[in-house]
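Shared between the two complexes below is chain A, which has chain B as its partner in the first and chain C in the second.
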Partner chain A sequence: MDVPILKQGPYLIATIQSALTDADLLRLRDTIVQDVGVHRAKGVILDVTALDVMDSFATDTLRGIAHMTRLRGAKTVIVGIQPDVAYAMAHMGLKLEGIFAALDLEEGLAYLDQPLEAGRGR
Partner chain B sequence: MSEIVIAEAARVVIDSDRAIVEARQQGRQLAIKLGFSPGSATLLATAISELARNILQYAGEGEIVMQLLDRGRDQGLMVLAHDRGPGIADLSMAMEDGYSTSGRLGLGLPGVRRLMDEFQIESGVGTGTRVRVAKWNCM
Partner chain C sequence: MSITQIKSETKSPSESTAQLLRELVGHLRQHRTQLREEWLRRIFEARLLTAMSRDEIFAEATSVYDSYVEALETRTLEALQAYAQKLSERIIPRGVETNEVVGIVLLLRDVLARSLFSKYPGDAGMLSDVLDAYEPAANSIAITVAVGFVRERERVIREQQEALRELSTPVLQVRERLLILPIIGLIDPQRARQLTEQLLRGIRANRAKVVVIDITGVAAMDANVANHLVLTVESARLLGAMVIVTGLSPEIAQTLVNIGVDLGKMNTVGDLQGGIEEAERLLGYKVVPSPERAPS
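What follows is the complex of A and B.
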């Protein structure tokens, strides 16, 4: 299952539309890390609204995407983690560690629109 | 414990990453059918996903069996994950947070224990691994 990646201004928006296998997740990771360079993107939004399970592999892979895109000069924000998914992740002890998460696409775009320095020195 | 297995509800052979998705989706559907809350069904589906991945990653092939449980007032779902893989040499180590031989998070088994109400594991080097977990829908 391929995840459509939309370019909007300086940002890439990847919208997961159904359950993903491990191979799908790894392919998504590789595509995004490539596309950041191809489109000279400054930010990436990963919309996981449609994911009904985020297990350790999915969490690990999303963390990897955020880390790798940062090394390529783009910020990543994860949006749309569902309440039940958040409940299970908290129960299990899964953490996003250092990746920004926002409620939805709108909040995610607002986060990316902040200058990189925002939030520092306060 | 006076719990009774009332029916085998599903059996999924785990031999590909697609089967992991299949197993957790079947688990969620069963849980919802049993009247579990969406939150509990998600805990169960997440646990199944971890167990199925362990099978694929460490044994290459195995099976997830789901059974309906009854102990009077409460109904539950039991998940048995078994394989004939290399087994786990040090079980107590495998149950520690942060321990992993795969280079990943290492939250798999301890995470599954936190998601479920019951957790049992047996493993022998060369004989494979059996994990039995259960979640109850307490009325």
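What follows is the complex of A and C.
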């Protein structure tokens, strides 16, 4: 299943609707990393509100997306991780180091709207 | 009617069992005092029911004995079940253990079985028949009492867990988007998990950005719980909230360093006041004394 990637001002928003296969995830990664350049996006929001499971491959891929987009000039923020998912991820040692996570889409947009330096150093 | 007569008559097995049990009950009633004394002696010898005084044990033993005989006589367990439950209600708060209750019931069973040996000396066939009738009944009595006790204990434990859950830590909002989670008392793994769940739900419900976890009231924690605390901080971050931990005791600080916590991820401030001030700063609040009502 393809993930729709919406353009919203200078940002790209990818809302993941259902559990993705590994191949879907890789395709999502390739598309986003490419689209960042095409649309000259300054930020990427990955919305995972609908996901009730996050395995190591998904975590890894999302981390990969964040790091790659940063290299291409866009900040990435992951929004909408469910409490249970967050706890399970922390418990399994699935870390999203160096990536900003926000409660929901609104928070994510607010974070991206801040100037670069103000990114609270997390 | 003597036992030998019953044997010679062709009766169905259950009827002869009933007859044997009646005979047995008569025997137990007749030697009540003596058997009860023997049983009590064995209880004291085995050092069971140490939480109770001699008089109490005597009173309980008497009623247990009578209920036991009654259960053998009526061959129904309902009355005994009810009695076992009441007994458990009385003795559980006294700190009586499961092994003690099972122990005394089994002792009674043994004492009574022994008395049968002396009642039918030299009549192995008869003895075996009586024991055939007695043993299943005695075993089901023992099981009934033990199950009653364990069930009662589980009920007490459930009640206590319930109470503990209610006592457990609240997640409080002190300002828009700022939560505090004061933790007091001992944290076991179960409570730690519950705390995390509550906190994560609280973050979502209140749209919190900063959470202050105050552990001034926690004297010490083991490595497991400390690890859990770190996981909680990490989980909260995944929900977009930043955690400030305040009030770490020297022991806890030592534990955290020993398990090798990445201090870059863990934000700690000395006390709750400092934590709240830091949180306010992060959220962009500024608290200034009001000029009209300056403290004198």
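Rule of thumb we're sticking to: the second predicted complex is superposed on the first by the 118 of 122 C-alpha atoms of A that agree within 3 Å, B and C clash if a C-alpha of one lies under 4 Å from a C-alpha of the other, contacts with A are read in each partner's own complex, and residues count from 1 in each chain.
By our rule, contacts are C-beta pairs under 8 Å (C-beta built on N, C-alpha and C of every residue); 3 or more make two chains touch, one makes a residue touch a chain.
This is a predicted model, so every value here is computed, not measured.
K.L.:
Which partner does A:71 reach: the first (chain B), the second (chain C), both, or neither?
P.N.:
Touch status of A:71: no partner.
K.L.:
State whether A:19 touches chain B only (first), chain C only (second), both chains, or neither.
P.N.:
Touch status of A:19: first partner only.
K.L.:
In the superposed arrangement, does A:103 touch chain B (first), chain C (second), both or neither?
P.N.:
Only chain C; A:103 stays clear of chain B.
K.L.:
After the superposition on A, what does A:60 contact: first (chain B), second (chain C), both or neither?
P.N.:
first
K.L.:
A:91 in the overlay: touching chain B, chain C, both, or neither? Say first, second, both or neither.
P.N.:
both
K.L.:
On the A-aligned overlay, A:52 touches which partner chain: chain B = first, chain C = second, or both, or neither?
P.N.:
So A:52 only meets chain B here.
K.L.:
What is the contact status of A:81 with respect to chain B (first) and chain C (second): first, second, both, or neither?
P.N.:
Only chain C; A:81 stays clear of chain B.
K.L.:
Residue overlap on chain A between the chain B contact set and the chain C contact set?
P.N.:
In chain A, positions 83-85, 87, 89, 91 sit in both the chain B and chain C interfaces.
K.L.:
Spell out the residues on chain A that touch chain C in their complex, using ranges where they run on.
P.N.:
Checking each residue of chain A against chain C gives 78-79, 81, 83-87, 89-91, 95-96, 100-104, 107-108, 120, 122.
K.L.:
For a test of understanding, state which residues of chain B touch chain A in their complex under the given definition.
P.N.:
17-18, 20-21, 24-25, 28, 38-39, 41-43, 45-46, 49-50, 53, 97, 104-105, 107-108, 110-112, 114-115
K.L.:
In the complex formed with chain A, which residues of chain C make contact?
P.N.:
Going by the criterion above, the answer is residues 196-197, 200-201, 203-204, 207, 209, 231-232, 234-242, 282.
K.L.:
Tell me, which parts of chain A touch chain B in their complex?
P.N.:
19-23, 52-57, 59-60, 83-85, 87-89, 91-94
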